[in-house]
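Labels for the chains are A, B, C, D, E, F, G and H, by order of writing; each one numbers its residues from 1.
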Amino acid sequence: MEKKVVGVVMGSDSDLAVMEEAINMLTELKIGFEVLVASAHRSPERTAHYSRSAIDRGIEVIIAGAGHSAHLAGVIASHTPLPVIGVPINSSPLSGLDALLSTVQMPPGVPVAAMAVGKGGAKNAALFAAEILANKYPEIRNEIIAFRNKLAQDLIKKSKKIEEQYG
Amino acid sequence: MEKKVVGVVMGSDSDLAVMEEAINMLTELKIGFEVLVASAHRSPERTAHYSRSAIDRGIEVIIAGAGHSAHLAGVIASHTPLPVIGVPINSSPLSGLDALLSTVQMPPGVPVAAMAVGKGGAKNAALFAAEILANKYPEIRNEIIAFRNKLAQDLIKKSKKIEEQYG
Amino acid sequence: MEKKVVGVVMGSDSDLAVMEEAINMLTELKIGFEVLVASAHRSPERTAHYSRSAIDRGIEVIIAGAGHSAHLAGVIASHTPLPVIGVPINSSPLSGLDALLSTVQMPPGVPVAAMAVGKGGAKNAALFAAEILANKYPEIRNEIIAFRNKLAQDLIKKSKKIEEQYG
Amino acid sequence: MEKKVVGVVMGSDSDLAVMEEAINMLTELKIGFEVLVASAHRSPERTAHYSRSAIDRGIEVIIAGAGHSAHLAGVIASHTPLPVIGVPINSSPLSGLDALLSTVQMPPGVPVAAMAVGKGGAKNAALFAAEILANKYPEIRNEIIAFRNKLAQDLIKKSKKIEEQYG
Amino acid sequence: MEKKVVGVVMGSDSDLAVMEEAINMLTELKIGFEVLVASAHRSPERTAHYSRSAIDRGIEVIIAGAGHSAHLAGVIASHTPLPVIGVPINSSPLSGLDALLSTVQMPPGVPVAAMAVGKGGAKNAALFAAEILANKYPEIRNEIIAFRNKLAQDLIKKSKKIEEQYG
Amino acid sequence: MEKKVVGVVMGSDSDLAVMEEAINMLTELKIGFEVLVASAHRSPERTAHYSRSAIDRGIEVIIAGAGHSAHLAGVIASHTPLPVIGVPINSSPLSGLDALLSTVQMPPGVPVAAMAVGKGGAKNAALFAAEILANKYPEIRNEIIAFRNKLAQDLIKKSKKIEEQYG
Amino acid sequence: MEKKVVGVVMGSDSDLAVMEEAINMLTELKIGFEVLVASAHRSPERTAHYSRSAIDRGIEVIIAGAGHSAHLAGVIASHTPLPVIGVPINSSPLSGLDALLSTVQMPPGVPVAAMAVGKGGAKNAALFAAEILANKYPEIRNEIIAFRNKLAQDLIKKSKKIEEQYG
Amino acid sequence: MEKKVVGVVMGSDSDLAVMEEAINMLTELKIGFEVLVASAHRSPERTAHYSRSAIDRGIEVIIAGAGHSAHLAGVIASHTPLPVIGVPINSSPLSGLDALLSTVQMPPGVPVAAMAVGKGGAKNAALFAAEILANKYPEIRNEIIAFRNKLAQDLIKKSKKIEEQYG
């Protein structure tokens, strides 16, 4: 898929270590994406402009990762009817509980789809974006199913090793 | 939309008071849906069967609401490549923190899109399902935009009243 | 003070029960204010416009109260160099911990001054706004000192009653 | 005891570092066991099949360790009337609070016996499995009593050293 | 089953409202039990004596419910090799989080099987006791299976009603 | 004991409902006390003066109860070498977790003895004051022992009733 | 600005590693300040004296950073009508949640403006002090606006790099 | 003071790293003490015997440090009318929140005086023991006052250095 259909936004360049889990997963699933740093607080107009123009640029899902009182996903969601997936990042001393509650506890009217805190959440954000896109693009569903099968098979291999170790 | 494209699943009939927020919102957005009680723990096979057959019945998004250690959304997600939206319900003495963490902290590989705890989260689950569907059905995007405009206008009316009260 | 120098913004009209503690305190301290409902998520442009124009309308401090993943104060702060005071409101099942962390854990660069959760925090927001203004308007400092003296004297009266009860 | 009566299941091979505390303790107590990696989410059918067949394979107790929103123990319990002991593993940034609440807050009807988070919990899971088995196998009760006596004696030795250091 | 094989202990008579869920469930499962109030703190010798003598009186499992810093289950476990199931009770202002952590976070060496906070946990404690006993008494396993089938069937009936309501 | 040896201080007259548990317990134990409202924040000099003069007035232990970010016990402790017992009061939406952490997490150098949140903590504060005083006044130790015996006997009576109910 | 208008107080010299973020930011914004170690508990009179005399020394805003049950900001606020900004420091095993709640949950009457936990909060404290001062000193507002523009431009540069990396 | 009047008990020899803060502080204050490892769970009779005999051995205050679901202080308190000071130790993945709640949330009737989590709490436990003893032994009060003066003077010295650095 050449077309860039997912926007991956992070609140700070220091969030890249977490968000590249999403980027790598999208790449593995062969989904086109664009990447951007935009902060809800340090660059509100940039963020608003990006969010409002996304739909016209062909973006179909947005993934937003941020730490602390992570407003990024909610702010993006307020500017677009596109589905927004939020990744809470554990970059403050509170271990990501702040980012989690800031991301998931959206008041009624404007939803954000929250993932788990940190790298696992970033990876899952890409998978969830794929699940959304798969409703329209059947080939993406095949990628998801293939990925899941691989997961299940890897697990069996790893289990085998451990079973033998203690067999 | 006549077609039933959203599955609304709840872990217990006592969750209906919360989940009808999702049901009412889907109705308002004119999205076809089916409703079911299925428990991850008390009826695991029913839940697995429902999840595995959903895609063939034409379901495109699943909303799952549960309380306590809310495994329902995760268990459904494990059985289907469809996007699953989880609504944590505050039915235990821990005020929904248990259901929230059980829903949102999915390990990497199988995502669930978590909403806020309780009624607001249920309403947002319907809106997020609509956002997913809108990628394929343009008329749903129009409904979302109309709903959002109404929200913004209602807010202005309510603000007017308060502004006058203290003007 | 006739001039409206404080903007009191709330994310929903249902927040008024809490935010009127701020309104009443400002009135008691004879500080001019304006009141508004504006949501970070349901009316982002209204919120941005209000925030960006506040300084030109003569507003010198903004108080923002919101519940759930309370982004309102942070979003306002992103659009104005004015000091923004945030009041976390306990309107979700999580008792305001969500609103507290969303308000106080602002990432470095754009501060929000967080108050306590709920009515006490709303009252303190007005007092803190007064403390800010008092740096420029000496008559407000007198009001604060008078209020504090009254607090201390009321406390002594109430203590007397209890002392006598157990004396 | 040659017979394998305890099933030790972990959600990921990376959980082995924690779960080997259970394995070592079972070995020390001379209780036969089998080890398996099975994920509630990545391999739901494998997990269901394992759980449903356990009783027929002669398994009498299952120990399940998982991190994040740890559904594994609950999912296993939903498929078998055998007692299931859950070990919450601290593998996410939330330090195991997520796994703890996901494991312990089971809704009424299908219990899981939760242990402490991490290695101590894994060790105790083996001891609790032994306590269950001891009801049927008197020799295991003897092992438990011997182990406890050793614990108490070791403690006295360690205390002696410290008492002398500060005596 | 005439024989009293389960000991149900509560830290205070005010815990009965929660613990009768366990009592009723044991009755429904036809398991013989004895009930006692014994506090880890207010009657430590009574608690120790009860725990140490339980095995000789024919008790095979102990269920202990307590609130606040709930030490009861741990203290009982320290005096007996019998399996002890702990029910954290939400009787303090901290909603049972205190009782939960006090019950579940047992240090390595002496396990307690923690259930969920409150009434649901008390009910599950009885079910888990049954699962332990069923390893020795096949008729109890039949009761468990019958109870679970009833749960699953009730759920389907309740689902039917809701399905029809929204059909 | 005629002499007033315990100072019971509360941060607000609204804390009396909780603190009278301490007052009643002191009365029951026949320990002389004085009661006062003094706020760490609203009347800092009154609080400092009270604390610094306590030792000369014959006070031997101070009990301080406060809610929110409960600084009262710590502030009193900073002004006197007398032992200070802190009672966290659940008067904010955060259920007393704020008052608990503010009271108990004193930095090294100036200790406060924290009790449980709310009424139970207030009662225990009186008992702990008695334990401190008993080191000097043997008759108070007798009162404590009598009280504990009564507690244990009441418990047995209450247990009897419940035992008969389910016997 | 030669005049020292901000007081930066920390509860311990070990807090300097965090508080120098505030110091550096004030320097960058060209705001005059004084620095002091004063503990609410270890040096209460020094703290009171500093706070009461601050206004006469020309101080206009006080920033107070402390860890554990951080009473420093509240205690300072109790002694001065100046605005006090609190920085919770994560120096205890509870990761700063204790310092956060002790700082932010001030009871009604005497406000403290709480910032985020740790270094980011210290930096923001300086920025918030600047926002307060800017109401009186227009040149400080220019510094804030310049700083914010720089933030936004840095962000764009960093984004560019990442965009190119994945372009 | 030659006489051993303080008992320092720890639940495990691995707690010594924390508890030696208490030991060192007692030494500095010239208070006689004895040290012991005794576990509420692994050696309940040893713990009970130690607690019951303490008063007759001349012990006047007991300090008890433990981690996880720290029952040690509560269990000791149940066996003696002596004042018991509890030190929660952060030895589990939950950072000591478990030990804190297990120690501080004692139900009404049998108090424990809780200190802060970890080393600072251990040091304060010694200081609080000294405050208790000082009611009977005036020379200990002098030691406390001398220690506090030293604290305050050290603070001024450290402040001076920092003041000069930024003067």
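Going forward, contacts are C-beta pairs under 8 Å (C-beta built on N, C-alpha and C of every residue); 3 or more make two chains touch, one makes a residue touch a chain.
Fair warning: this is a prediction, and the values are worked out from it, not measured in the lab.
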{"item": "Chain pair showing more contacts of the two, A-B and D-H", "value": "A-B"}
{"item": "Shared interface numbering between chain H and chain G [over half = same, under half = different]", "value": "different"}
{"item": "Between chain H and chain B, distance of the C-alpha-averaged centres to the nearest whole Å", "value": "51"}
{"item": "Approximate Å spacing (C-alpha centroids) for the pair chain C, chain E", "value": "48"}
{"item": "Euclidean distance of C-alpha centroids - chain C vs chain F, Å", "value": "34"}
{"item": "Gap in Å, rounded to a whole number, between the CA centres of chain H and chain E", "value": "34"}
{"item": "In chain B, residues with contacts to at least two other chains", "value": "12, 39, 42, 68-69, 92, 94-95, 97, 100, 104-107, 109-110, 116-117, 120, 148, 151"}
{"item": "Interchain contacts (touch definition) - all pairs", "value": "A-B, A-C, A-D, A-G, B-C, B-D, B-E, C-F, C-G, D-E, D-H, E-F, E-H, F-G, F-H, G-H"}
{"item": "Chain H - residues contacting chain G, complex", "value": "90, 95-97, 100, 116-118, 120, 148, 151-152, 155-156, 158-159, 161-163, 165-166"}
{"item": "Sites on chain C touched by chain A in the complex", "value": "11-12, 39-42, 44, 48, 66-69, 71, 74-75, 77-79, 92, 94, 97-99, 101-107, 109-110"}
{"item": "Complex interface listing, chain A residues touching chain B", "value": "21, 60-61, 81-83, 85, 100, 104-111, 113-117, 119-120, 123-125, 127-128, 131-136, 141, 144-145, 148, 151"}
{"item": "Interface residues, chain F side, partner chain C - complex", "value": "10, 12-13, 16, 23, 33-39, 42-43, 46, 68-69, 92-95"}
